[in-house]
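Chain naming follows the written order as A, B, C and D, and within any one chain the residues start at number 1.
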């Protein structure tokens, strides 16, 4: 019973919650918050239970567990197939954690026009979409969840966002939609390409390992799927929707966008693109790697030009996801491990960054660096300290999580998969490693500059007089879990590497060695 | 066949049509004896009649056996029943939308309901017709009431104008169709679809014959408003009463597709390799032109009109994939069209329903009338958002699975090495994105800008029920997609005599 | 009798109708041109029934029957058409089809 | 056996750091007590471990063939599996080198803790300061004890950040912010090389454990090219961290931080991490002549240029900073030829340079200024400071028998023994460097302690909390060199065998003691002292010696030549030409390059963003949308509203299609 129901309940509980919130009468708007809190809390607790029983249960901490495989649309062989394994687990838990904290944060502040009912309803809807994406084992189901995410985020940005919100929202929606539609075509091609006409990811992976797909076919379909995923990641040069979306989005919107939604793209590479199109993956690996490194350097350089905190962090995401993609492009267990670790790290740290910047914006009514004018460490010492910590964490200071993701990705790129070496591309990858390492330097550069201009120095008079309030208890409540998790995961990387490694190596060995 | 069997009639097979016919006459009669406010009670009457017919259709479906009448000119098979079910449900919702609208105009209610019911009789005949004569009769039975209904707002020059354009283009295409038929008849010597198919399998393809078939297709192209036969649609929709616009954009279009299906999948199937490419071009043109033009629209009804043109384009894609003798491919193409029609009916009527409701306060139907609707009446705005997103093909709404069906058909064809399949799929993708951009503009207007007036929209019970029900269907049929796909998959054309 | 004659005749008739529809401003004349097109169809059907029936024994005289249907429905259409033209006239005091362009773009 | 507990050595400061940050503020002494107790405990442990290693290594006789036999304790737990067969291990690698570093770090850190109680007294962020000190000690010890390159990298980066935070401790002032940024980013630039090196070594050997890597290298499993590449990359890291030419410019600026911090981080411990790293992987470096050659050249250039720069500083801390750079140059150069030489100099230098900095701190504390013009005659006011400072200076000048003498001598000897271009280069420049060192230290001594007090404010001796550490370190500065006496009387070359990683290697590479050479070095040093004495003796007030009538006159005359020499050589040549020249190259060229690089990156970023991102990519995306709307505006014109045009379009369509159809159909 637990085995079969747990995942579905956890995924759809927020949906139910959203419905419940929608039914709250307009007069009792406020009571939406506690409801949402209760729902997300329950969801998070459930996901922790799942995590626990994944280890203590028969799965013993590897392989797929909580498998549900029900016929859904027999005509096109799509089923309601959900399960969870070592690759999904960290992201799944992270999703529920971040959403919970976002809801907590909403007690502190919701951007105008307020309307907590609608806001929280959308957040919960979003949660279902994100969590579902990570546990779906059927391409159509995956796609449904994947797209389900767009709509609430569109409204979050469009209604609660900044001055250019509508432009940003539409751009976000259209850009991503375009990619995913192409991806859908790719999925359907996979369906007809395999002998067994099914959308089950597991069977398709097996089919691929069995050499069902011709190389030309693989290359075509990989391109289609790549487009969808790359736009979501976003990989250079498909990233232009991201800065606008992040800058305009309300705080928790940015948090979820950066914290979870970007991971959906990279997760797609690990779960779909590589296992189902292995040979094409090998062929395209160098291009992925090059794009990734371009993203690293490019993101860092663009950050140096930013005058707006949120936009700066947005571009920093481009760079960080570059490291993730570099790891994936290496096509080795270490690389994919590093990628997943990098996703978790980026989720925790960048999520936290957006929280802090959001709070700054809430206090200063601007996120422009020049207007804040430095001295945050004096006006609001705690926030300043937290910002410093998170920024340093984000520039990949060991032993905080960012470091493990980056350095292991570099290691993996230095020793890419056999197939790549056989293709005589070892040299290319090793050169890329050097450039990637230079990227870390640039990252440190702009983050420190940012710190210097924001936290250090003496604050302008007006802010001193404004008597800004330091961290509020609610904010602290929303942030402490993140900060603690960041430190713990950094000190004990086993927490993530341990979970992911067995399944990653299983997937890669089946995919690459047949 | 000889005259004897030609005159056998299976009344049970005809029962739904007869029920609607009876209702139509009854409505016309009863309305004479009702005065003032009471006239509006003809609407419930019509509803009851439609429900009865629907029950009969279900009964036929349960009975399951393929029935025929008039020497198999008329066949009630699973395909026909599926369509009849669709048409009657559409009729139900159109009636619900019409109730308040016409009760408030207070003119020609009897005539209106009579006309619309007779139009639906025509539609119900359409999928059952297995003979060009019957097909033509059904087609005209749909069109002629349409002409009148479009002009029903006699006092409104726009309405007249719309009706006139509709009429002229309509008659032109009808006569084109007939001319084509007469030519085809010259080559086949029969008017039955199956007979035509048989005759065409091994015929020398003279240009004249091909032109004839093309003329026939053109006749239906007008009905489904495919480019370049679509010009009437926006103007007519704008002029017509909104419920009629809904009727035209969904019901009569669906009827057109039903006819087109029989013609192209049965009668002209042997020549498909000749005309399919042409249809492909038409399909791409239609969806692109519809979407691109819709981008520039400020009048919501016109916007929906162009969007419905675009959707016709999507629905034409499977026709472009038909190949002679490839049963598997063709059947999946067929069911793709069916799925899309079901989905399209649900979401488009929904959209028009909301527009009707809003138009009560803002007859201008301008985009700005929708500003801040989300705060004025969240229910309406929410439903309209659902319908628009569904039209844009967002999962898990029903429109998404319709798109999937189209993609599937296209890609399957692509797999069966017609590269054209992939091209069409990509064309659909690009167009979907374009379309989403203007759907989102409406949605954004509703939620993201401040309301110009604060009074909520009062749809009234019938309309409210219609909107709610359709919203539920949009989500429900999305999540329970099998319901639709299964029906579509079961529906196979039993080629009559 | 060779099929080509009636076919050519019908085609010409049809073309004349089309020309009329496209060129005449007066709605009534447009409708009359439509009648020409329909007439072309009828000619075709009857003639073809004659020729084809002789080739492949068609007991039901389909073409003839079809021609009757066409005539009937064509009449109905034009009837409705005239009604609408009348309506137009009432609201606009002329029946020029090309003046009717309230709705465009 | 106590060495098993070595993991406590970094653990204790870590705990103390956590405690200080959490509860420090509420304690009576605001957290200082925690830090001091913790470091004391650490020191005890360190000494115990060191003693055990000593017992194991010193005095054992080993046959030349056998080799090995040096004390080595490795314990590790897997921190996380990274890939198929590679993991990162949290472990300790305790050998002589580690034990030596334990003692050095623990002792200096403890002294600095105690010293800071007085020095930082009353500062607003007192607790934060002590927290950072403990954090730094932890990081440094982690770096030392690490058995895994990744963990070592962790420590390496952590000390960098601690240094960043401590330099920028008074972050209100712009120049201090800039200094801390410059320090962090310059070292980070070096770290790029280190990261690449670590990744490369790990990739080449399939393990990040130092032991495995060394084994693999010695077994020749790593291709020579790859090894050299990795080591050169690593040297980049060393250059950055140990402030070697040309990346040394951050260290003088780092003096903006509190002086005790300079003593701990920028003199004794962190900056020596580079040398430590080389020593850690010495067997690997020993495999690659290219790497060692690079080390030698870099070290040589650094020691001479930095020495020259020290001549022209008026800020006492700056003098010490440049002298540190120059001494680090000695270490690196020494490591190029002899393991022991470099490590030994690292060891002794740690003590006396820390001492000198603490002394400088005490001076600044008293005079309220860094500038030697504002000092003078302080000997009378602060005797303890004077004497300890003097001892430290002697050690630095390398006057026998003070600590510096033995270690620097070791460097020169090994360079000479090694011979070759690099050897000669290092030897020659090292000799001259000795002269310069002596020159500037003497100059400092005179300017600060001799003559009258020229500053304002009331100079006074520093409190006991500050003088005590200086005394302790002074003792070390005097005596620590004797642990490696070359004479057989006591335990000969105890230090060498103590820190040696492989006693067999030690047998193969004995370092002889050349009395003549030592003498020459001493003479050079004394020459420097004399030169300085000759110049600064009379600066700036009138020297009573002038009033001794004829005697002084004769002395004056007798000193014509002397003056000539000193004027020409010392003052003009050395101080007025070479010094400024070097200073200019430093500030204008090297510093310009470093800063320029930063600005360049910024500029590039801006241009890229404006044109590339916002115009290019963004333009494409928006362009699509715009073009769609544009075409919409055009296309809709077809909907003219005229029904006959509609019909026309329809028939045109029919005809076109019909033709296409009729032609293409068959």
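The criterion applied here is as follows: contacts are C-beta pairs under 8 Å (C-beta built on N, C-alpha and C of every residue); 3 or more make two chains touch, one makes a residue touch a chain.
Keep in mind it's a predicted model, so treat the numbers as computed, not measured.
Hopping across touching chains, the smallest step count from chain C to chain D is 1. Located most centrally within the structure is A, per distance between chain CA means and the overall CA mean.
The geometric centre of chain A is 43 Å away from that of chain B, both derived from CA atoms.
In this assembly, the C-alpha centroid of chain A lies 65 Å from the C-alpha centroid of chain C. Taking each chain's centre as the mean of its C-alpha atoms, chain B lies 80 Å from chain D. Here the CA centre of chain A is 39 Å from the CA centre of chain D. Contact of a single residue of chain B with at least two other chains is seen at positions 164-165, 168, 172, 176, 234-235, 296, 437. Residue positions of chain A with contacts to 2 or more other chains are 174. Multi-chain contact residues of chain D (touching two or more other chains) are listed as 625, 636, 639, 641, 643, 647. Of all possible chain pairings, those that touch are A-B, A-D, B-C, B-D, C-D. For chain C in complex with chain B, the residues that touch the partner chain are 3, 7, 10, 14, 17-18, 21, 27, 30-31, 34, 37-38, 40-41, 44-45, 48-49, 51-53, 55-56, 58-60, 62-63, 65-66, 69-70, 73-74, 76-78, 80-81, 83-85, 87-88, 91-92, 97, 100-105. Residues 335, 389, 392-396, 400-401, 403-405, 407-408, 411-412, 414-415, 422, 425-426, 429-430, 432-433, 436-437, 440-441, 444, 447-448, 481-482, 485-486, 488-489 of chain B are the ones touching chain A in the complex. On the side of chain D, the complex with chain A involves touching residues 78-84, 86, 88, 150, 153-154, 157-158, 161, 164, 168, 171-172, 174, 177, 181, 184-185, 188-189, 191-192, 195-196, 198-200, 202-203, 598, 601-602, 604-606, 608-610, 612-613, 617-618, 621, 625. The touching residues of chain A, counted against chain B in their complex, run 72-76, 140, 143-144, 147-148, 150-151, 154-155, 158-159, 165-166, 169-170, 173-174, 177-178, 181-182, 184-185, 188-189, 191-193. Across the complex, chain D is touched by residues 164-165, 168-169, 172-173, 176, 205, 207, 210-211, 214-215, 218, 222, 227-229, 231-232, 234-235, 271, 274-275, 277-278, 282, 289, 292-297, 434, 437 of chain B.
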